[in-house]
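Structures follow.
Heads up, the next two complexes both have chain A, just with different partners, chain B and then chain C.
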Partner chain A sequence: MSRLQRAGWAAASIAVGIAMIGIWQFIAWHKLVSPVFLPGPDQTWAALVDGFENGMLGEQTLETVERMIYGWVLASLLGTGLGALIGSSRRARELIAPTLEFIRPLPSSAMIPVGIAFFGLTKSMVVGVVAFGSIWPMLLATIHGFSAVEPRLIEVGRVLKLSRLQMAFKIAFPNAMPDIFAAMRLGLITALILSVVGEILAFQGGLGSHILEASRAYRSPDLFAGVIVLGMIGLTSNLVLSFLEARFLRWRRP
Partner chain B sequence: MDRSTSNADDALIAFRNVSLSLGGRPILENINLKVRRREFICVVGPSGCGKTTLLRLIAGLVHPDAGEVIYDGQVVGEPASDVALIFQDYSKALLPWRTASGNVSLALEASGTPKPERAQRIRALLDKVGLAHHADKYPAQLSGGMQQRLQIARCLAQGPSVLLMDEPFGALDAMTRQVLQDEVLRIAESGHTSVFFVTHDLEEAIYLGDRVVALRPNPGRVAEIFDVRLPRPRDQLSTREDPEFMRLRRVLFDFIQETES
Partner chain C sequence: MKWQGFILPAGLVLTAEACARIFGISSDSLAAPSQILKAAWMLLADGSLFVMTGQTLLSAVAGLLLGGCAGLVLAVVLGLSPTLTRLLRYPIEALRPIPSIAVLPIFLMVYGFGYRMEIAIIAFACFWPNLIIGQAAVSGIEPRLLEVSRVLGLGFVGRVTKIVLPAALPRLFLAFRLAAAISLIVSVTVEIAMNPQGLGYELMAAQNSLRPEVMFAILLYIGLLGWGLNALLLFAQQRLFGAAGTAQVPR
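And now, the complex of A and B:
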């Protein structure tokens, strides 16, 4: 694609976004859906500005982002660490894989009540649930990346007499990097979802509580403002990760 | 042992009655073969004759069912750090996430070379194989010939006494192959390195080798060993026009035809 074509497509995609907002505004103006449920973009914008000006929305956003990041970082560290251990040994894989396959498909929001039972209605409970729910992509990707090393590279390592640790850090881990990065993106979205669900279920502040309160009080502009902030968090974090991925995996696109 | 290692004519590598089966299929049967110090030995034979397995035995990647492989007076167990192995599939044998210098560095890291010394050694090695200007490129950015040069540089970083080469130029075009043949000859000569070179290209074997070992297949056995009495340094034109070259080519060609029929 030429540069001009790419610019054209980018402009078109922005036009699509603007058109959607236009349709939304049109529906709101003509009250095709009751304003109690659907505020217009103008009211939503006003609620956003108001929320950030009085500081409440900003604070709640920070709470949610913090929870998401703590949970996600915890999941990434544990996931890659455990994945490396399990992936390096075929015996460990054979022993543990069936159990993982049983735990993995459990809906992680179903773990929130379990989390509440163990940790109570606390902030660390939410972080724990976020970590538990978003660890799976990282864990499975690392296991796969560590166990699917090109056999020729393992022989290169043997001929060069690399130690087990060198083998893991110099060959297996970089080999798993593309898988891990893809999984970290998936995991981040899961972490965001679970932070909000956790906040709603456990009433621990953050955007989840903001949305819940707004919806109970029929303040639909506030509700929509919260949803839009969530969308922005998702978008921003994905952009940051894409940027990091492009830097770390430079070798993949010659 | 000390006396024999100081003797330049003594065998550096020796196969003694080596037999090997893989997955119940006999691959090699009763192999006896010696490689002298600083010798360039080429191994040819039809596919399935166990050429590559011979080389993997010296590398310590596989072990014989019977008999023993001796390297430098010791029975081969684990891979030895001064035995370098150059694989045919260079694109799989390089780390795609490391640059050219990073790939050479792997061998230095493995041998515990202190970090400050590495940069200079890497530069010298890349220079030696003509990749000085490509140090920061990733393997995927290099041509096939350059990738194979890079693999050779990594192997030279081991400071090897023996280069084991497994059809290293089989996937390269004719011009690149000739250039690399001459470079390997030069490297082996200047580094006093023994080379065990597996190929299916008869002319390549004669051009490079001091001796050519011809194998017979199913299971692999040593059929005949030919001495190559061609003057060194070899030259792509005059060596290949030498009557002795052509005679050997004929003999080997007839031999291979006979074993394959």
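And now, the complex of A and C:
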């Protein structure tokens, strides 16, 4: 496909998106769905602008993003660190991996009550729960990446007389990078979801409390504005990670 | 699974029990394994465990079927039409990153508490994996198969049911397996956050009423349920499709 064609399709796709917003506006104007539940795009936009200019929306967004990122960074560091330790020893793998496989399908939100029982309903609890819930993909991917090293590379390392630490950093870690990146992406989405759940439960401010309060008071424009901001956070974080992934894994491209 | 895998959990259980016996802890956040086992037995004996499981699984299955089928239909349509795929690209990319929990307050406002709200959220969450993986599966079908269907003069429905779905079935099942895991996760999450029914709510209620032994019993049970569901679907996938089912998912 030529560049011109691609640009044409992109424009057409954006036009379709705009047309969908138009249909949404049409439905809202003619009250085909009760306006209590479905505000028009004009009202939602107004609530969005008002929330950022006069209200708490900007502050709440920052709070949620902060929580998500703290929890996610904590989970990424702990997950890759522990995963590297477990993954580079065959014995540790045999001992620990089956237990982790059992924990993996456990919904990470199910750990929230346990987190509350231990830490209480505090701000640090939410970060702790976010980290604890989103650590599993990172941990399992690192173990997998470290244990699935091409045997010939290990032989090369042995010939070069690399120490265990050098082996981990020069051979196993680069080998695990694609797995870790994929897991970090998954973990970031989990972190966002858990931050919101934590905020809904703990009333600790943030977007979770914002959308819940808006829904309780039937202020649907505010609610939709909050949902849009959450979608934007998801979209942006995904784009940033894709960009980083492309940069850091450039050496892998043939 | 090798026997070494049992050392760690068994060791943890024994240590916890020994600590509880020796130091005689009575805590609001921890419970001895024997107490947890007793709580689990109580939940089983009075039948409440079956009631909660039923509530959670009913929502999960209903949401999975609704959202999964909607995703599948759109996946087949988009997979067969590159034009529509290109046209809907940005709208889909704009909607997909909305975290499923964010739609909770919307459906809470529309439906109130209960099954309908939970099912709607699960359907929203299960829609996306089926759409994305399904579309990749359908558009990756051997083009010659589609040529055959054209030569045979099959209509759209015939083409879909006789050629497309059978050819894409292994990877559609993979999408279904992922969506099934998501449906359980989302149902428990919704129950913990908001909806007063099912396993997630009872888990939260046990924490609130400071009964850690019940909390851990339900937590372990949820883990067992998720693990069993995953193992069952994995078994079905290998049994039904063999090596074809384990093909890599595109990211």
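Everything that follows uses one rule, which is that the second predicted complex is superposed on the first by the 251 of 254 C-alpha atoms of A that agree within 3 Å, B and C clash if a C-alpha of one lies under 4 Å from a C-alpha of the other, contacts with A are read in each partner's own complex, and residues count from 1 in each chain.
Keep in mind that, in the parts below, contacts are C-beta pairs under 8 Å (C-beta built on N, C-alpha and C of every residue); 3 or more make two chains touch, one makes a residue touch a chain.
The model shown is predicted, which means the values in this text are computed figures rather than measured ones.
Shared-chain residue A:Ser13: touches chain C; no touch with chain B.
Contact with neither chain B nor chain C is seen for A:Leu4 once the two complexes are overlaid on the shared chain. Legend: residue contacts after superposition of the two complexes on their common chain; A:Ile200 is shown touching chain C, with no touch to chain B. More residues of chain A lie in touch with C than with the remaining chain of the pair chain B and chain C. Contacts of A:Val159 after superposition on the shared chain: chain B is touched, whereas chain C is not. Once the two complexes are laid over each other on the shared chain, residue contacts for A:Leu32 go to neither chain B nor chain C.
Of the two partner chains placed around the shared chain by superposition, chain C is the only one that A:Gly234 touches, whereas chain B remains out of contact.
Across the interface of their complex, chain C is touched by residues 9-10, 12-14, 16-17, 20, 36-37, 94-99, 102-103, 105-114, 116-118, 182, 189, 192-193, 196-197, 200-201, 208, 211-212, 214-215, 218, 220, 223-224, 226-227, 230-231, 234-235, 238 of chain A. The touching residues of chain B, counted against chain A in their complex, run 59, 61, 78-79, 81, 83-85, 87, 89, 92-93, 95-99, 106-107, 109-111, 138, 140-141, 158.
Chain contact summary for the complex, chain C toward chain A: residues 1-2, 4-9, 28-29, 86-91, 93-95, 97-106, 108-110, 181, 184-185, 188-189, 192-194, 200, 203-204, 206-207, 212, 215-216, 219, 222-223, 226-227, 229-230, 251. Residues of chain A touching chain B in their complex: 150, 152-153, 155-156, 158-162, 166, 170-171, 174-175, 177, 249-252, 254.
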